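Heads up, the next two complexes both have subunit A, just with different partners, subunit B and then subunit C.
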Partner chain A sequence: MLWRCCLVLIGALCTPVLSKHLSNEEFREQVSLQTLQDGRVASTFSFNILLKDATPREPRTLIFDDESQHYNLFPLALGQILREYAVTELHLTLNAGKWNYDSWGYPKERDVGTGAALWAWMADGGPTSIDYRWQGLRNALAGLFCASIGSLDEQRTTSPVLPFAPEGSLPDWGVEHELRHASLASEHVCTENLTPFLKLLPCKSLSGIASLLNPHRLFDADWHGMGLHVLWNPDAGVEVRLAFQLVSDPLRISAGKKQDWSFSTLFDRTIERTCPVAQSSIVDVALPREALYNISPEPPRIDQNVAFYDLTNMSEALDVKLKWALDFTYPLDPLKITSMPISVRRTLQGASQDRGQLSLVIKNNAPFPLQVLYLETMPWIVQFYLHTMRVSSDTSGDDFISNISYVPSVPHSRPATFQAVLTLPTESTVYLTIDVTKAFLRYTEHPPDAQRGWDLPPAIILPLSSSNAIRSEFVGRIYTPPLLVDLATPDFSMPYNVIVFSCSLIAFIFGNIFNLLTRKFVVVRLGSQQGTSKSKHD
Partner chain B sequence: MKTPSTVPLGLVFSALVASRLLISCTSIHEYLIHDHQLSSPLTSFLNLKEGIYLFNNGVDPYSGGVFRHSPLYLSLFTTILSPSRIIASLLWTLCDSIGAWSMVRIWRARNNIVQSSRDVLVAALYFLNPYLFLPSLAFSTSSIENAVSLLAIMFACERRTSASLLALAFLVQLSLSSVVLIVPIILLLITSPISQLVSPRPFSGKWTQSLGHVFELAIYVLVLTLASTLVSGDFLWISQTWGASLTLPDLTPNPGLWWYFFTEMFDHFRPFFLMVFSVHLLIYIAPICIKFQYDSLYATFLLVGVLGIFKAYLTLSDPGLFLSMISLFPEIYPYFRHPIVTSLLHLHATMLLPLFHRLWLTQGTGNANFFYASTLVFACANGAALVDCVWAGLRIAIGEQVDGYAVTQE
Partner chain C sequence: MSASQEQETPLRDPASTFFQSDRVRRLIIASYWVVILLATPLWWHTTSIERLSLPTAQVQYQAKTLLSFPIAIRLDPSLVQDDPSITGKLQQFFDTKGGQWSGLSIHVEVGSEAGMLSWSAIRFVSHESSRLFEHPWHVFLPHLADILATLLVPYSSDPDREYRIAQYSPRFRLSFTLLNEDAAAGQVITGWDLTNAIRHHVDPIVTALSILHNFTIESQVQFHAPLAFKPQALDNESFGLTPEDLTVFINSAEWTLSSSSSNDPVLHFVLFVPSSVRKPLVILNPDGSLSHSNSFLIPQWGGVMIYNPSDDSSPHRYLSSADLDTLFPAFSNQLLALLGVPGLHADVRISPDDNSLLSDWQLDALLRRRAFENDQGAKDTLRSTVKLVDQIENMPVGQVVRDDVWDALSALKKMHFVSANSLVETMRLSADAATHASRAFFNPGMLALLYFPPEHKYAVYTPLFASAMIPLIAAALREFLAWRRQHQQVANT
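And then the complex of A and B:
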């Protein structure tokens, strides 16, 4: 008995070591910190879990019982959802705030659209339809992440294949893969979404890089967002990437003077110990190019102006500090600031509650012409008048817009998908306007705070890589900030009154007409003894 | 209209058409085209243009929720005409002229005369009625529907059966609620349009004739439905055009009674009340046609009035047609009970409707109840006019008022 207990104990102790080297799962974690031009600091956490030689479930096997799932590192709760609904590729992002492309540049994690966005590639051919599985997937993820993903119903689901091309590979099962995409700009991301996120990590937030994820500081940041990405790579297997990204402002603490930061000031935590199952665990810090600074502890490796710390053989707690010699001066020249090839501004104009105008202004900062894909997924509450679309530019020429594809919206059920290729001449601005009408909703369709308005999902601009000279780092999706649309509201307090008033009026007119039509006309002699003297008409 | 007898109809008519065309060539339509009282989602010119744009660019306009016009409009504007300003001005002026001319012809047929001094007045009352004039300037297709319905009535009065039934079939294609007019117009075809209100008598037409008319109408409707299906490619247009006036998918405000009722309706009662409101329109057909069996034109007129109050997606054109048609029946004027009240109600409603619409949607200082209340006043005004016309149409048979006697109902 004793030796058996010892064996179990030894086995338990050896598990992390064994899984690190022998199992078919891999866990890698990394955090990248970068000082931005406006003095803020962008931190991008990325946790990669690889399930080697695994394949997504084929929908046709949904009629059979699934093989049993045993994972050491791969999150079981997620694995069960992926297998249950036969999802090949899955992306979920929950972001809060507006990513300021013009001063922050491209984010490391590209999908920074405000609110919740979920898109998945699923194959057809199963016993249940893709839409049915998409519904199940939404509800399961809503439960897993405590987010309102369940309300991403068919009123918000679109299928914009071009801008959301699969990032991994799609298995060749001889059946079509289809995309389902939905976004909810009004979703608020907070600590109740982070807790389930951390639970999916092998070391939770107890050790390793994830121990920096302190909710008090994360949700205090100027911008924060989390993402879950599942994709299949035929050479490697099923990859899960859990990402957290935030933009914190060290200048706020130092009254706008110094942009110094450290793990303790940014996260109020340091990395005390490594995650024992992580194959690699790396902190990288982009070093300033044109300033005097001091980084501590001394980085073991600096490559292309990026300092790397490897945590796998860490001996003491790590608290990276970056200090500047001089006070921060805000760069005032906007031309110097932007590192983006294009700047986008989208607005909804018009004061009336029944119509308006959607306006998109795209500026090409690059010294060469650009082609971008413009995607607008608009809930049916705002309907486009496509015949009023006007595209102009501050340079001469025409044909700024081509390849328009449009799926009109259906009231109470389907959003509109508008997709077009915009050609932006060198260093010019292109203006696009479309008139819109705002729908009038049933009183039960309004949210509880109806007067606040509705958040419209961000538009997506995708620079096309076929454009000449465009660098590969500039081909990610660019999200515009969401819009708020003010819809006319009925009076919520008086459905009964309206029903009573309208019905009374109808009954009154109906009654009067039928009264006149059915009753007999009589001539009455007035003021004397006799009543009816003659009846003529019936 | 000081001395209508001396004014030749041709001169006045062309002057009215010319002034109408002149006004529509100004930019006034820019202010009116978005107005919810002048055009509903089913008749809006902007929606029509959107549908044509989608159709020309290879998107099925009926797959979305904006375009709810008949495929006949689609084929008209994509082949023969283009939906430009000038064409629209000409077409809508033409429709108004056809409407006014039909009114004159109906008037002449009713009195069995070739020409009269009242012709000018009848035409002018159609042209100058603001309820008809303004929707027409906003290029609302309800003006086209009015012209087609007047054409159907005119042909029926003149006993041109096939033309009348064809116009009626077009009317049903363009607006489903017009099925209410089928029965009285067919009755009108087998009786006479000459005024019989003073001397009621049992129905004089031959029933067997009507069967042939119904059959002919069914064929026309079927052919037009097939043509519509050919134009749009599938049967999706039926639910988008006819279905819309039964299921009310678009709750854009209008001066009618449906939109706010179904905005505020509880979801589980919605189908029931949709059924009630649709059936309610049909309920009036039989009693009015039976009661006025001796004067089918009057029955048609009253049912136009019913549509002008209770139709889904009402615009000002619908009650406008009813009010202009009152000019065809001068014999009932002495028997109105409360014409001043009716006129004042109309005045009240026409001032409140645009004002409260603006206060609610543009200024933001009023709420939906303001506009709803003014639609109730408007419905009261139309109801008062209709009830008074029913009363006067029946009362006229009793004859002049005699001192010491009063006419009432048992």
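And then the complex of A and C:
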């Protein structure tokens, strides 16, 4: 009895100590699972690390030695990069696959553009320019995440402030903050990017929710992507959100037509141990609305048709199972039941390696007119003929496009930024076409596997919140799939043969002309047959 | 007969057209050659590699010049009043040392403090003089010589210790890491009061060595740090690390210890908390007995300490400043060893009224050692650079490389100049020289054409040049012979 009292006393004494010392850093983890219309399951992992009362580094202090960095939960490797380059806000996404908005709806993590995308808000006024720090940041992150972010050079860097407004706050240092954005659609995301990602988590993938992140299953999914978001909130501090999102298909692995899933079928793992330093650790499962189902274990809390499991007081391994009573039937017309207010299709037309036409088709599914911001950040290898832009609609009227801003590209150095506001009438489709020319590249500018073509970054459609009656959940960026452009490509396979052939040709032409110029023409007089033979006999 | 044929053919004799005259044809051929000759320098310029000449002779000369520090040892007149021959004996002792004392020219004399240079003459006061001087001179003298030798050249005695010392760098990162082997298994150390521990145990060292290095201090806590091997289970429910285990203890694949944001060398200090199922974890001696130490040093990398928290504590534990006070002295000792700070002779103490951590003797010995290290490093690097450039004819040498080599040389020259006056300045210049020399050696521009041998060049040029040059040469030759024959005919007639 006495022993038990002592334990309680010790516990009571320890708790305030613990909360006091951990109070300047907080770690929360959550995974949300949601069954999609087409039977797939979207899982969104979100790991939040909060560094309380911290502020981003002011660039003007870069001339001095930085203060010591002491972290308990916050990843030191990331903290060093953020402070070294005085980054106020940072977003990095690495996604693979095409997010199917029409049947999957809006993703929980909004930024699902294919490939790598990096954007950062940085203040001016330091000893080195923003562009210099942006370059350092790219290289540092490329090293940290083993991704080719380093190649997001000035040929891919733009500054589209409107669609990439800061998500946190920007400190008021009396200097201007600037945005740098770059994307690389051809980046392949795989396990070498996940390993460093997991190392940034306090519990890695050894305990807590992150233990579900099994690379064999994650990269087998229909869609997967990871994100790193750093922002500053004056009331809270510096916040880091590490997110992993995947869409897996239980129908593919099930023998029948059942869309049942569990942690063990989706991830081949269960949550066996809690992360001891997580302040909150929550699994939430969106329950089906119009179907008979069975969820096990019994959720302790259900709120608005979402089941919540709290892992902090978990006693045994958690393996959430969701079972349906009936077989899954495919929806026949996915577009009819889409929850998205708009559907976008973007294509690059034309078969030649010289010219083409970019075409954008936006359909407004909502019963009210919509205004959207349309952004193209096009590498200089595809150049727009702005005067050929045509905008039309299947309904009457004009003025579908307004507020055009265009930063033309500079060959070999700067991409083009095209930004416009499109007005979409009620339940109608707007067509936009623009002629483009494809660049002829220098020999050394071709990437490896040049015949495959170049990936063009996705276009971004941002529904403007000022539009009437639009729901607040529909204001995230919509990414179109990337495009592939086929540029004139030389034959890289036999350069020496090419050299020999072309040199022979040049030498042949040279020899002929030289011969013509210097040849001495003389009239050779031939005598009669007889005369010749006579002279021979002589 | 010919006249009749001329009448028959209405064609003009092609030889009579203006461009068939010998003069024009020769002009055409000559102009080709003129163009080729004029273009050759341009071609040469555009295809040649920029190879600026390096000061080879100066580098060789510097490599032979040895750095030397004059050290004057002045004995207080009161010491030698009994036996004036002690000065000579001491001098003789140092003179015979030779070899390992290279670089120090020691001069023993008698005199007072007055008139001494501020740094080179170091006052030697024995705090135990009362006891020491009771010995007769023949006992005291070897002892004194021994003490002086340890103070002046503390490194030469133990090559093992020498090997531990991290290479000189103007800035070090000190990275303190608290590693929980497996926090989810039970007990977890959630954090440590590092700020106070650093203030008490690390900051004094950092301040004392501020003339040598700058330091960046950082720390992190990790909650899962699995080992790459299984520690050996011992009889008494503890687990042991054999000396072989210690060599693979650091699991750099799983532990995120190194940082990528700067090139400064990092010294790691790891406090390892074994998993609660594998506790206590102890270090074993080579013979299998328990080692009384719970920490070990990894040469030039850092130090590791194993901390076995007591069993009765709560599942979450925070290491307070008091807890760390028992742990951090080991880290500060490791830091001193890694930075090459020599220990004092057993009979020498720092004066109690001097509250600095290091005596001037230690600091000077360290400065001299670092100066020698940098000087040798800079000279070796310069020599290698020159040799490499000599050997590889395709290696470009740009302005930047040449400037760096010259800067390194001038720093070395200045260093020799000031070495008799200021130890700190010598050390600074030697570091400068080493930095410039290694920057020249690692200049990325020098790699540009390393793997483009001349054979490749000829392979690219011959298909064009050979086939174009042959008609040109043939035409020139034929024309020359024709001209000579013509000339002879004219001369003959």
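Throughout what follows, the second predicted complex is superposed on the first by the 465 of 538 C-alpha atoms of A that agree within 3 Å, B and C clash if a C-alpha of one lies under 4 Å from a C-alpha of the other, contacts with A are read in each partner's own complex, and residues count from 1 in each chain.
We adopt the following convention: a contact is a pair of C-beta atoms (placed from the backbone, for glycine too) under 8 Å apart; a residue touches a chain by one contact, two chains touch by 3 or more.
Owing to the predicted nature of the structure, the values given are computational and were not obtained by experimental measurement.
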Classify the contacts of A:Ser103 with the two partner chains as first (subunit B alone), second (subunit C alone), both, or neither. neither
Considering only the touch criterion stated at the top, classify A:Ser254 as touching first (subunit B), second (subunit C), both, or neither. neither
Now for A:Tyr406: first (subunit B), second (subunit C), both, or neither, which partner does it touch? first
Mind working out whether A:Ile499 is in touch with subunit B, subunit C, both or neither, as first, second, both or neither? both
Figure out whether A:Ser352 sits in contact with subunit B (first) or subunit C (second), or with both, or with neither. first
Which holds for A:Thr274: it touches subunit B only (first), subunit C only (second), both, or neither? second
Scan A:Phe510 for contacts with subunit B and subunit C and give back first, second, both or neither. both
Pick one for A:Ser262: touches subunit B only (first), subunit C only (second), both, or neither. neither
Name the contact category of A:Ser339: first (subunit B only), second (subunit C only), both, or neither. neither
Shared contact residues on subunit A for subunit B and subunit C? 499, 506, 508, 510, 514-515, 517-518, 520-523, 525
Complex contacts: residues of subunit A adjacent to subunit C: 10-11, 14, 17-18, 21-22, 65-66, 68-73, 75-77, 80-81, 84, 140, 143-144, 199-200, 202-204, 206-208, 273-277, 496, 499-500, 503-504, 506-508, 510-511, 514-515, 517-518, 520-523, 525
Inside the complex, what are the residues of subunit A that reach subunit B? 351-355, 380, 383, 385-387, 404, 406-412, 416, 437, 439-444, 488-491, 494-495, 498-499, 501-502, 505-506, 508-510, 512-528, 532-533, 535-537
Residue set of subunit B touching subunit A in the complex reads 34, 36, 46, 49-50, 52-54, 57, 59, 61, 63-66, 200, 249-253, 257, 259-267, 280, 283-284, 287-288, 291, 309-310, 360-362, 364, 367-369, 372, 376, 379-380, 383, 386-387, 390-391, 394-395, 397-398, 404-410
Contact footprint of subunit A on subunit C as seen in their complex: 2, 5, 11, 13-15, 17, 20, 25, 28-29, 32, 182-184, 188, 190-191, 193-195, 198, 214, 216-224, 226, 256, 259-262, 314-318, 459-460, 463-464, 467-468, 471-472, 475, 479
